Amino acid sequence: MGGAHELTAAQAAGEIAAGSLSAAELFEAYRARAAADAAAGEHGLNCFTWVAEHAPRDGAAAAAPLAGVPLAVKDLFCTEGVPSQSGSRILAGYLPPYTATVVRALAAAGAPLLAKTNQDEFAMGSSNENSAFGPVRNPWDRRRVPGGSSGGSAAAVAAGLAPWALGTDTGGSIRQPAALCGIVGLKPTYGAVSRYGMIAFASSLDQAGPLTRDVRDAALALRHMVGRDPCDATSLAFPEEIAEPAAERLDGVRLGVPEELTGEGIEAGVLDRFNAALASAEELGAQIEQVRLPHAPHALSAYYVIAPAEASSNLARFDGVRYGLRAASSSKADGDGDLIGMYTRTRHDGFGAEVKRRIMLGTYALSSGYYDAYYGRAQRVRTKIAEDFRAAFAQVELILTPTAPSVAFGLGEKTSDPLAMYLNDFCTVPMSLAGIPAISIPCGLSQGLPVGLQIAAPAFAENRLLDAAHALERALAFDSAVAHV
Amino acid sequence: MSEPARTPAAPPPGGAAEDDPGYEAVIGLEIHVQLAARTKMFCGCELSFGEPPNTRTCAVCLGLPGSLPVANAQAVHLGLVIGLALGSELAPRSIFHRKNYFYPDLPKGYQISQYDEPLCRGGRLGDVRIHRVHLEEDAAKLIHVGASGRIHGSDASIVDFNRGGTPLAEIVTEPDLRSAEQASEWLKLLRTTLRQLKVSDVNMEEGSLRCDANISLRPAGSEQLGVKTELKNMNSFRFIERGIRAEVARQEQVLRGGGQVAQETLHYDPGSDRITSLRSKEEAHDYRYFPEPDLLPVAIDERMLAAARAAMVELPAQRAERYRRELGLGADSAQLLAFRPGLGGFFDAALDAQVASSPPGDVPAQALANWVAVELASRLDDGTEPGEGLVTPRALAELAGMVHAKQISVGAARQVLDTLVAHGGEPRAIVEAEGLAAIGGGEELAAIVAAALQANADAAQRVREGNDKAIGPIVGHVMRETRGRADGTEVARLVHQQLGV
Amino acid sequence: MASLARLALAEEEIEPMARELSAVLEHVARIGELDLEGVAPTSHVVEVTGALRPDEPRPCLPREVALAQAPAVADDGFLVPSPQA
């Protein structure tokens, strides 16, 4: 089987369909690799919180579009009968009685569940250091973070431990780890993919998306993820089919570069790679132009009001009543002792520091007397940011920025300064607030570590986005297999 | 809108000492109505009553991680029907909000409700203006374990989520009510209206109608509002009336004593007739409302409006008006029949039956109304609707017709009605079978009258002389002879005729 | 604030939390600088209305499943300490 893990998902699917590869053997090969990492403890990457014990009994028919290529899924996607904890102690042992729509859709298309991946607790974080399962390590350098919150998914794909993975992106949680791990990560248009079954962080921002080895795989996965779900009132029908990207040139494509997101605050090495990528784009025939996103500098502030506010409400259900952790009562048996104490002790014991921080922030932002100044205001800033993008897209087709302001930083380096950690998101958050799609593709190395290029498009312009990303990917010829375990 | 129904006027402010101002009670009501949809507000769990605990739940109404709400179209429709019936303004676009607080009967830690963009604003029913109508989901049921089964003194509670998520319409009135009595009467009017519209079972015992009251006092004549308290958990009309009365009395006592009324949530205990505090004062009431991101705004389109209009029925006030104006019914009959839709419907059907019979009947509407509202109504068991009984509208119309045509006496007709109520059947057949035909026109009665006059010569003489009151024994004689089958009026007429007066 | 969010903070957690929150709040308060006169808040990124569900029953969870993950169960229900106990 050696080397089967070198294949992209599309390649593997093709070989299975052609009969030159067995789906069952492929699954077992990945399963063994994943299990080995899980068993390696501190010597592994710690990307997985659960690994399948065996291949699915009813193997996906080779005729199914995805042919049985296994999929790693971020912990926060509910998977029936399989632990789903969103990286938190408060859901220790929780086994959902249902499976998230998008996971079901991909499984039905032939991508069975390989493993659940590690993540920052409740998707809050940019380094995967906030997990109750311990930090994930970056396959490029195990003393460094893989990014977050979908750190486990990104590391697994980058290390060749999974052919592809599902993650979620609220403020950059797919794109940023993809950048730090040298792989592709896509955040679709808000509403394009159902959120039903995703343990919620920030409802108006959360979106599921693929983390893959290349752009073609991302398109393939997305094709089977989009669609209106009657269980999610905010989901929409995608206006067209997601096509297989094929573009090799960017002739006549106008690309916008916003000065607000491509200067101050970005590491020199990252900017170098970014500018080199722009040069490659020009060689492909693209036209680079300056655009302005005047409210982008305030996006991070608005985000860190809106997301925690929604999260503080979404996480109120974790109260020890119906599922998950219930703190041992201070007095005799369960049922005795005070109710408020049960709530506060459960939530104190069950939530990590970052989650507590955001719940407090969010509660404050919504509280009487502060709503207008914080939440109310932030939603207005959001309107302006969306307007900025609409105006920019009247001028250019796509917008390019670095995905993250730095390459992967060291474990523990930013954990004592929440604000420094939040700043990792400043290039990705504006797109989240506007609800538009954005992809990160690797564009080079700085200090031996991957740098990500972010491309953003107007809402529902995923096909154009994927095409452009495909062309650039070809030209940039980044070798991601270097990090394979 | 037609003329508003009248509800009993507020009693004058209570016993004032010589130099004390009278206090006026200012009362507003907050009514929660469980809507008659098949499924819950935000999930497809089928609504039921009395099912075993936790057998009507799903990921959404249990608040499982990852679940999402989707609004019930029928609940929105029923909300619009209520709004239309109350003459409210229907919001072209309304949104849901989250109301955040912790309680075991609230699985998500927030209730999905509506805040500053509700479904309906304004409106009126009778004397009372409506402030707003909005949609929300019901909480689950908390059962307190412990000796009394009540919350005070119990250690543990058990939560049953069957009820959680039931669609509710919350109707909030302006503080237009001035007495406990008026409040109770108005609430009955609301219940009748909602029942007619078929938007809810509106059954207080089953919990599909719940009412809280906001009560404040102010010096009579003042325009300013006093501090209001909220009185909750009264689950019958009687308790609502007594509870409001008790709270008004309590506030009055506080104010007369020179004290201040504290804004708080209170509970009425019908057993002791006392008001107690329900929530501790430290309890934070900051609900941190924000728009529900998981639900899209509700936009009303033409189709929805048309469907709501199609569901409109003639409401009690309009019906009473119609009875008065078109049928010439007296105000009391009109009111009674209009506000008891079971009787009103029966009456309408009897009128129709009369028209449809051949030849068409000609019993005056008021007479038919009396047969329904007085004679039939008094013979029905408590709670039975006339339509559920054995008497058909056609049978009653026929019976009334026979009385009108003097084919039977009123007394005999009542007997026939008793039989109809107990066994059903046809009036003519019953009259035949029980030998109740009136001794009416023709020789037979005239002969009996003549005999009565002879047997009561003194009385006859006095009547001849102008003392009409003396007719009593003569009529009595005839009635005995005919075993009540003679028509009293006809007897009197024959007596006068035969006496030549 | 912690009480509103039902979060108990241990003694030693309070000070650092307060400090961190202040720093973040200071940063986010920047949005106060902007002139947002006349700007409507975005309550929903998706500019569509409707998405109502037909009033048709869907299967409920069997009771054992509903109670399966509960920390404490009694009389077929979720057992909790009483409010105000």
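Chains here go by letter, A, B and C, matching the order in which they are written, and residues are numbered from 1 within each.
Criterion: contacts are C-beta pairs under 8 Å (C-beta built on N, C-alpha and C of every residue); 3 or more make two chains touch, one makes a residue touch a chain.
Worth saying up front: this structure is predicted, and the values here are computed from it rather than measured.
Student: Contact counts by the stated rule: is the higher one at A-B or A-C?
Tutor: So, comparing the two chain pairs, more contacts are at A-C.
Student: Based on Cα centres, what is the most central chain?
Tutor: Answer by centroid distance: C.
Student: Report the inter-chain centroid distance for subunit B and subunit C in whole angstrom, where each centroid is the mean of the CA atoms.
Tutor: A distance of 40 Å separates the two centres.
Student: Distance from the CA centroid of subunit A to that of subunit B, rounded to the nearest Å?
Tutor: Their C-alpha centroids are separated by 57 Å.
Student: Between subunit A and subunit C, what is the gap in Å from one C-alpha centre to the other?
Tutor: A distance of 22 Å separates the two centres.
Student: Two-or-more-chain contact residues of subunit A, please, as numbers and ranges.
Tutor: In subunit A, 94, 97, 204, 230, 233-234, 312, 316, 319, 321-323, 335-336, 339-340, 343, 363, 367 touch at least two other chains.
Student: Quick check: what residues of subunit B touch more than one other chain, meaning two or more?
Tutor: In subunit B, the residues touching two or more other chains are 59, 62, 70-71, 102, 104, 145, 155-156, 159, 286, 288, 293, 295-296.
Student: Any chance you could list the residues of subunit C touching two or more other chains?
Tutor: If we look for residues of subunit C contacting two or more partner chains, we find 3-4, 6, 43-44, 46, 48, 51, 53, 61, 74, 78-85.
Student: Give the list of subunit A residues in touch with subunit C in this complex.
Tutor: Residues of subunit A touching subunit C: 93-95, 97, 190-191, 204, 230, 233-234, 236, 295, 298, 300-302, 304-305, 312, 316, 319-326, 329, 334-345, 347-348, 351, 353, 356-357, 359-361, 363-364, 367, 373-374, 376-384, 386, 418-419, 422, 434-435.
Student: Which part of subunit B faces subunit C closely enough to touch in the complex?
Tutor: 37-39, 43-46, 52-59, 62, 70-76, 93, 95, 102-104, 142-146, 151-152, 154-161, 280, 284, 286, 288, 291, 293, 295-299
Student: Flag every residue of subunit B that touches subunit A in the complex, lowest number first.
Tutor: Residues of subunit B touching subunit A: 59, 62-71, 98, 100, 102, 104, 107-110, 145, 155-156, 159, 286, 288-290, 293-296.
Student: Over in the complex, which subunit C residues touch subunit A? Could you list them?
Tutor: Residues of subunit C touching subunit A: 1-10, 13, 17, 20-21, 23-25, 27-34, 36, 39-46, 48, 51, 53, 61, 65, 68-72, 74, 78-85.
Student: Tell me, which parts of subunit A touch subunit B in their complex?
Tutor: 76-78, 84, 86, 91, 94, 96-98, 100, 195-200, 203-204, 230-234, 309-310, 312-313, 315-319, 321-323, 335-336, 339-340, 343, 363, 366-368, 371, 375
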